[in-house]
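After this come two complexes, each holding chain A, first together with chain B and then together with chain C.
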Partner chain A sequence: MPKTVGIPRGLFFYEYYPLWKRFFEELGAQVILSEPTSKQILDAGVKSCVDEACLPLKVFHGHVLNLVGKVDYLFIPRLTSVSKNEYICPKIGGLPDMIKHTLQGLPRIIDTEINLRKSSSNAYKAAYEIGMNFSSNSTEIRKAYKKALQSHEAHKEKLKSGILPDEIFSKKSARIHPKKELTLDIAVIGHAYNLFDSYVSMEMLAKLRKNNINIHTIDMVDESDINQMHKALRKRMFWNFGRRAVGSALHFLGREGMDGVIYVMSFGCGVDSFVCDMVERRIRQNSDIPFIVLTLDEHSGEAGMDTRLEAFIDMIRWRKLNESNIPAYG
Partner chain B sequence: MLEKQPCYLGIDVGSVSTNLVVIDEKDHVIEKLYLRTGGQPINAMRDGMKILAEKLDDKVRIKGVGTTGSGRQLASVIIGADIVKNEITSHAVAAQKVIPGVKTILEIGGQDSKIIILRNGVVYDFAMNTVCAAGTGSFLDRQAARLNIPISEFGAYALRSQTPVRIAGRCAVFAESDMIHKQQTGHTLEDIISGLCEALVRNYLNNLAKSKEIKEPVVFQGGVAANIGIVAAFEKALGIKIVIPEYHDVMGAYGAALIAKEKMAAGSSPTNFYGFQTADNEYQAKSVECHDCSNLCEVIEIYSNGDVLARWGDRCGKWSSLGKASEVVG
Partner chain C sequence: MKVTFPHMGNTYICAKALMDDFGIDYVIPPFNSKKTLEIGTKYAPELACLPLKINIGNFVQAHRQGADTMIITGGCGPCRFGYYSEMNREILKDIGCELDVIALEWPDQGLPEFLRRVKKLTGGLNVVKISRVLKDVTQIAKMMDDFERLSFRVRPREVHKGDTDRIYKAFLNKVLKTAGSSEIKKLIRDATSELLSIDMDRDFVPLKVGIVGEIYTTIDPFTNNNIASKLGNMGIEVDRQVTVSGWIIEHIIKNALHLPRDLRYAEAARPYLGTMIGGHAQETLGHTVLYAKEGYDGVIQVYPLTCMPEIVAESILPAVERDYDISVLTLIIDEMTGEAGYDTRIEAFVDLLKRRRERKNVGEATVLFGN
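And then the complex of A and B:
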């Protein structure tokens, strides 16, 4: 019987799942994913996680609990850095410890550190260490790693083309082909685990699409464009997410035909509190493009978000059509 | 028999007040009602409809209905609306009609506060209070009740103050303990109330109005605009004259009526309005205590003919968002 590896559907899942899955499967393991986020998962996470943590961490705890009893291993890598000279949020860096000390009765946790701050060649070292749990053959591990990288590249390409993770994983495309004259282009900036978890984001992306809005995310911007914009900052960003968020926001600002920017932040997120403010200042100083911050938390009722989204879309349509003097709010 | 006058109805079901406005073809208000929601929006709406029926049923014919406010979906279900609009757009449309060229709208209602920036006659930017309802009407209500002063006289007390005391305005809990502390050290009620008005305004300007350019004409609407203490505190802090529209307390409903009129003029379909008698229908309410947090809110479920029409009564909004089908924004 193959060994089973559980992957919680939270945090970096949206960016790395195809890589992780392929790697484990190439080594003969079976990957089991936690169920999509639900009230039950959220409640279980909120109950077990330390109170001060942000919502995404609480949700992650819920996903871990969802896998207990179903798998031989839990894959919770210690993600310290995924890019040169940049860090990830310290809570994510300490995630395996947090999980181990908060939750009881867990299967074995694979918590290998992934730290690419100094060199990206550390990625293979980490993969080798992880692979050793399933194979003692280094050639086999290297081969699995290469295939996994191919899957990762393919995943990034799909994200870049505008397909959302949900659609990639379910292989169902929900993309609509909006009527041209009513279509708006809106950039939605935020952590992947907030945007793409439809329970956490209260179906925000689906709601935008229903309103004939083309969604543009960080994942859809060329890394070179992000870096070019990032260079304009007086000081480089400390976090990988920070560079990508600020860089892509500035890129969207300069792009023709962008109708608005939505920043989605987690209540209590340290990284967001800096990055969001930087993005907002730059947008307000350098443009008059409509901008709104939506804060996600476990208590933010859907009605509150709907009102803000609705008013934001109304505002954009109203502003756009103002010149032709057609009221758009009706 | 005289021909009935064609009119439009706007309903704003807010957390604290339920407002109804009937306008004629020339946008004049021919009837306005400001009723306390009292936690029971359906009853408030039925009361409102009864009053309107007695006054207007033989004189007017409703050609269109618009609903707004946090209970806008519910109002639409019960009254039969032609358009359901968010509060931001409704308030902006109404303010524009009353004060053409308005550039800033300050709005403080029962549970939320907003700032709307208009430029060249369109909504240019807006903000709503985030997770906290400190500094809104219901907090003032509560303090008035605690101090044994009718809310209608609250502002007059503030104006009689000689030396306002400093009250913390960021959080309602801190504000209350500050007020109690000042009262125990012997400050007069007038000075404490005036200090509270200044604290609320400071909080509003520092949070909501942060990085927004407040340009004249400035309109102040919502129930709290009736409070002359708050108005004075705004004028003092901003150093400019603030305009209070005649129908400041029902501007949301007025806006909804205007939007309904515009919508009906654009199409040829008849109104969805069920008629003034619709409010005679029976609705059953069931209440459940929610134990998910220390608030222990009483959640109310509304049934008609065995179907759940809506849920409310929760502070966090998680129950109220359950009862309805997902809403299409925009």
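And then the complex of A and C:
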């Protein structure tokens, strides 16, 4: 019987699942994913966390509980940094400890630290340590890691081309090609684990698409463009997400034909409190593009969110209509 | 150039000594007050952590008194504090409160830029003078921390209630009227002997409570509603390991010179939090373990709402509580914190500690008789 590794469907799952899955499978393990986020999962997470934790952490706790009893190992790496000189978030750095000390009856946890702040070669070191749980053959681990990286690159390419993680994982491309004359282009900035978890985001992306809106996310912007725009800040942001969010927001501002920007924020997110504020200030200083902040928490009601979203879209369409009605010679 | 800086507890005393000695023109912002917080809350992002809001309030108030340059420290993550300098700059600019920023942190551009900033502030790069002033200021930070620690021990034992607070307040008033590190040092020494000459009940064995948590809210009496003096006046001896001098000496000086740091707390925290995650989470957990081992009756964790590292610590603290059988109370501070509710929680906690101690005493007595 192969060993089973549980991967909670939360936080960095959306960005790294293909890498992790391939790696474990190449080493002969079987990957088991928690069920998609649901009311039960969220409620279980909320119950097991301190009140002050942010929504994504609560959701993550729920996913861990969903896997308890079903797997031999739980994969909860300690993600300190995924990029040079940058951090992720203090809470994510402390996540494995939070889980271990608050939840009961857990299987073995693989909590190897991934810290690429000083050097990206630490990634392989971490992979090796993780792989040792399943194989004692270093060549095998190296090979598995190489293949996993290929899967990761392929995944990033797909994200970049505008396919959403949901569609990638379910292998159904639900891309509707909207009718040209009605389409809007809207940038949606936010943590992957907020945007792409359709329960958490209350189907926001699907709703936008239904409204004939082309969605643009951080993942679709070139790193070089992000870095270029990020230079507008006097001091670089040391959070990976912060740099990418600010850089891509400014990039979108400069892009022809962008109709609006939505910032999706988790309530209680320390990182967002600064990043969103920075993005908003820069946008307001430099442009009159419609901008809205939508805040997600476990109490946000879908109706309220829908109303705000619709009002935002209507406003943009109305503006567009009026702009194009102004005679060129007026 | 008229310089100002943000408040955090008694740090203004060190800042004052530093600027007096260098002959820098400065404004000490009005002490933290409801007004300061009100201003900060109005302009800072709603979900920013409280220290940033108070910073903003300090700067706006200092600007009204003529300040044109702010000094601020920083860092490069992982916590929000590392970005305070930029947030301050942007927010203040947007509200038309133009202040030049001197960020005393290691810049991305390296040493030359750092030296440029020091030069701008001190008017030159006289190494001998700079190191002398820094030494004096570090000494003052240490003396202040010792003075504070002494007040923690004297307060619960004073015979005439209020003696400690009276001496402490008089000292704070006098500091503002002195100038330069040598005068300030003398003042601290005098106040220390005054404290030592208070009538004390030396046989009294007070309950002991350790204060842990985020540095700003644990150190700054305005934000923590005077928790140290409040507990002291309830007859409790408090202790707090995270201090201004500790921060200067352990984090800045020893780090820069690669001297061995006192990492007992990190060792103690390791089974609970395997790594540094930013802020003072490791200190919070580690000191709680050490307090438990030293026989303290309880620990109070204080932190500002949405503080990331302390939320992690708070989630893990119940495990320490269980493993070491120590009581922990968590107090979360935000601009809505009302003093009444806050006091009630502290009083209830103290009652609990008292009952626990009695039970323990009775328990020990029973064991004795049983033998």
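We adopt the following convention: the second predicted complex is superposed on the first by the 323 of 330 C-alpha atoms of A that agree within 3 Å, B and C clash if a C-alpha of one lies under 4 Å from a C-alpha of the other, contacts with A are read in each partner's own complex, and residues count from 1 in each chain.
Please note the rule applied: contacts are C-beta pairs under 8 Å (C-beta built on N, C-alpha and C of every residue); 3 or more make two chains touch, one makes a residue touch a chain.
What you see is a predicted model; the values in this text were computed from it and never measured.
Looking at the combined model built on chain A, do chain B and chain C fit side by side or clash?
Chain B/chain C on chain A - fit side by side.
Should A:211 be classified as contacting the first partner (chain B), the second (chain C), both, or neither?
A:211 contacts chain B only, not chain C.
Quick test of understanding: once the structures are aligned on A, what is the angle at the Cα centre of chain A formed with chain B and chain C, as a multiple of 10 degrees?
Here the answer is 80 degrees.
Please work out whether A:308 is in contact with chain B alone, chain C alone, both, or neither, and reply first, second, both or neither.
first
Considering only the touch criterion stated at the top, classify A:270 as touching first (chain B), second (chain C), both, or neither.
After superposition on chain A, A:270 lies in contact with chain C alone.
Return first, second, both or neither, reflecting whether A:237 touches chain B, chain C, both chains, or no partner chain.
In the superposition, A:237 touches chain C alone.
Quick check for you: in the superposed arrangement, does A:53 touch first (chain B), second (chain C), both or neither?
A:53: touches chain C, not chain B.
Once the shared chain is lined up, is A:322 touching chain B (first), chain C (second), both, or neither of them?
After superposition on chain A, A:322 lies in contact with chain B alone.
Is A:93 touching anything from chain B or chain C once the two structures are fitted on A? First, second, both or neither.
Touch partner of A:93: chain C, not chain B.
Please provide the least distance in Å between a C-alpha atom of chain B and a C-alpha atom of chain C in the combined superposition.
So the smallest C-alpha to C-alpha spacing between these two chains is 6 Å.
Once the two structures are fitted together, what part of chain A is touched by chain B and by chain C alike?
Common interface on chain A, chain B vs chain C: 267, 281.
What does chain A use to touch chain B in their complex?
203, 207, 210-211, 267, 280-281, 284, 288, 290-291, 295, 297, 299-304, 306-311, 313-315, 317-319, 322, 327, 329-330
Considering the complex alone, what residue numbers of chain C touch chain A?
45-49, 76-80, 82-83, 85-87, 89-90, 94, 103, 108, 272-275, 277-279, 281, 305-309, 311-312, 314-316, 318-319, 332
Looking at the complex, which residues from chain A come into contact with chain C?
Result: residues 49-50, 52-53, 78, 80, 85-91, 93-98, 101-102, 111, 113, 233-239, 267-274, 276-278, 281, 285 of chain A touch chain C.
Could you please specify the touching residues of chain B with respect to chain A in the complex?
Touch list, chain B to chain A: 70, 83, 85-89, 92-93, 120-126, 128, 130-131, 211, 259, 262-263, 266, 314, 316-318, 320-321, 326-330.
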